[in-house]
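Notes for the one structure printed next.
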């Protein structure tokens, strides 16, 4: 299992625990991530808002570089927003000749879109990876009730992502299940968290986060699990108002990779759990205690 | 050489004022084969017809051309007239010099020229006409009605009352269909069971009706007047000849599975009647859940039965029956909304139920004895949201059509909730309210006055939170997003054709429309017929409709069948396809092109030089062929020809025009 | 003075009994007026029209041929006119190949209620054919043949 | 009037939207996360497209508040691609100078950031945005935590080849000035 890897800007900064957990888990289960040389930002929401050409070209450049350097490898990214932008460029280059021409002119190199763009969820839910995970889980997170949050961009739009179920996806739930934790059934798996507008329209975007957290808690979740550093950051960092507005306790937010890492034996320090805005280690420690291991994390 | 008579009609001044008979008649007289030509003021009148008949015998005429109004007007009249003469009714052609000449042209000279041309075409064509003889096919005076819902019941009763024998076939263990599941019917709110069960009993007791429940159609052959239908009687494991329906067996059966009739809202045993008022009122054993039939361990019902009716060795049997006509009354089913609407929870929330499940809930004979209780905890709901158009008017996820009955039963459901649960609140989310029917708009008005809140907008998402269902949508009249916290949600889901419709229609050769409903022969003028002769339509198998429309259509279909069965034989048009076997190569191109499945390949004995061989040739079933001629144009060797419109006749017409 | 001045084309229209023939009758009933050039040959269904009929018409010197039937999907015989449609798309190409202007051949869908459409179609086709002039492709050949055969008797 | 209609038609064509596909059921608005803050709801945008009122669409805050979450088109019974229409409307609105101030600041700061470093520096982005948009306190409570845990560095991450990325962005900017 070898992939060209597009980390995305958040992985380099705010998603410190996510990054460390990714390195830990992928190493353990034998997924080799070949970081795309000199990758650039995918442009996120701003680039395509300003210009269609920029929105298509920014993600296409690292894809084209990956295909040039490692023509045999598919591309993987751990960020839902990057995933959506990369996949859209791939999709457009394949299906729309004019778009392909535009992209190649702007990035000044050929881009054939021969390789697929995958998310971590795609990779981890593959048969081989799932078997490897099962083999490497050494301590179970028994009874940890987690709400898997996929976000919008991992699943929509369907013709770009190819996701079979956009309302109640299950890939992450199954991965979480491998750690011994319990993925709860809840209703906001793919509702928008408003990350794109938390800077410029904060007052309307904050309640979106709160609604997601509230539904997770209403369905018995003790933690939210994500597959995206942007989702994680947004759901975690904007909890201040949540406590005030709902009177509910704050909610730890992990990436699915962190959960896997802990289940595979990583210590809190190894994956920098202390870096979370909302204290995260406690919930995991409690789950480990329940499993009877009594191992400190 | 043919001896043709030409008769030119003036039609008062309708023709004669534009087309000059004094030029046309002499011109006709000069045409090849014409031995006599005359004109008259009204050819279709009694003296006109007499004149033609006299001329035929006087001049030894063997075929005629009448230059008059459209053949669509009087072709039949003149054919009937010829029946009393020495010549065959099909030795007639009509030149349409009124609708397609005198009425549409003003220039007398040019119109007369054209009329001469039209007469010449007809004369040339008639020279190639040949006597044709209508075949008569005997009619089996017996009708098959497929489907024992209210449509099938009504049709069967009407036909039986007219004195004809009917077999009413139903695949479930009881007749009754969807109507038997309903509580009350809009807009009059009369109890559904009170009006449908007496009809079911009538069916069971009618001397002219044979009820075949738990049966399916296995194959159909033949054509109008004489269909042969193979019917499979599924194994019941209960001898209905001696069973009295006492019901003892049902009480002790240890198996409990979801009740089909109550749509999973209650359980039933493995030996069961579909519902208490079932007709026939005798149980069957469901072989998939019976312990005795599955594992050979149990046998309680056999031990209990005082009459020894239980027969675990019972097997399915197939019988073949003959019918003169068939009525399709196969009905509808509701779409599987859970598979289509993830945004409504995809079936994960127990308190979201379908309209039909609500009918069972509110029905006094249902699982809650008529108390409106939500399935999850048996509590009375305080707030109910009703969502319309679930699966209807949704080309992306469901059906593009409107299911027609939902607006009204949504109003009915709201009314029932508000009546049974004083103080409750009902919100109906709708896109449009459609109430075209007698008393329907008034019923809708009443429901609003009862306090039902109509909210214009399609619900976007329903989710469970803190023990309630949050329904999120837009109030599009207000232009703002709304969330309603409900205790129970009713989805008024789309109708779709019953499962199995594809197989049944292809056995019959009947067409289905783009949505898989059975296609009527003509949407306006032949709404209860299919394009297959002798196969008729009743109820929702043709498209979504409510009970009044279903029953009307069933009676209409029955009237058609009665009309057919009242004859002992039926004349078929002789203008159908014919095969010249010597020319036929057996390629089969015609078989696929025929819309009526009238052509089959048949093996015949033939010679190739001195050798005896077997080869396949096309064979036209005169009962099925409707005379469209599509096969003749597709025939590569010219072996197929259409009687009355033979290639030779049409080519003569072409040649005559181009002279 | 042009060659086609005063020329009136001869057109045969194969009309299906259920739609176009009815539409043509309705045009009469409404006393609509159209040019005399068109002669209708009634057929049960446009699907009955064998390509041979059309070739024969052109061969015999007809200036134009129309095939008219029910709208696709409305065929009295359910599917007949689908075959018509497919068949006559090929027909156009074949006529071209044979040196006959495909503008001489028209397949149109006219329902039993479209009397005005029948009138307009006839007028339009007549006008187009007036401009195209006489169909001489085979007519000349025919005349020569006839002259030779009948020792100059002519037609 | 006809000029405006032509413009609207061109915009719809580029977005791949046929305005009359919409029958105003409101499912889009019902599911839209930002609907409450929008002055014209998504269904209203489609209504304006139907009655030919392009101006109202371009001047709405709706097109700037759309997060592109795609939930409207995902659930739309007629598969009307509203997000794509929103995107085309944003371009058209920018051309006419109707850009929403906060969005403009954020997006321009973002791209300026990319031109400098090739990658996005979240701290710098938020800081610059807050400064220019005059929201000095927004999200600032999280900053000490981020700094102590090394979640954001003071020094931005840079691609090796930021100059080539800058040129690429400029090419794209030039291309987007040519409206097809």
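For reference, chains read A, B, C and D in written order, and residue numbers begin at 1 within each chain.
Heads up, the rule we're going with is that a contact is a pair of C-beta atoms (placed from the backbone, for glycine too) under 8 Å apart; a residue touches a chain by one contact, two chains touch by 3 or more.
What you see is a predicted model; the values in this text were computed from it and never measured.
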item	value
Which two chains share the largest set of C-beta contact pairs	A-D
Distance between the centres, which are taken as Cα means, of subunit D and subunit B, whole angstrom	53
Chain centre separation (subunit A, subunit B; CA means) in Å	54
Rounded Å distance between subunit C and subunit D, as computed from the means of their C-alpha atoms	59
For subunit A paired with subunit D, centre-to-centre distance based on mean C-alpha positions, whole Å	22
In subunit C, residues with contacts to at least two other chains	none
Sequence positions of subunit B contacting 2 or more other chains	343, 461
Residues within subunit A bordering two or more other chains	166
Which pairs of chains touch, using the document's own definition	A-B, A-D, B-C, B-D
Of all residues in subunit C, those that touch subunit B in their complex	10, 12, 17, 21-22, 24-25, 27-29, 31-34, 36, 39-45, 47-53, 56-57, 60-62, 76-80, 83, 87, 119, 155
In the complex, subunit B residues that touch subunit A	342-343, 345-346, 348, 461, 463-466
Complex contact set, residues of subunit A against subunit B	165-168, 185, 187-188, 214-215, 218-219
Touching residues on subunit B, where the partner in the complex is subunit C	70-72, 96, 98-100, 103-107, 110-111, 113-114, 117-118, 121, 511, 519, 531, 575, 593, 595, 626-630, 632-634, 642, 645, 647, 650-651, 653-655, 657-659
Footprint of subunit D on subunit B - complex, ascending	343, 389, 393-398, 431, 456-461, 472-476, 479-482
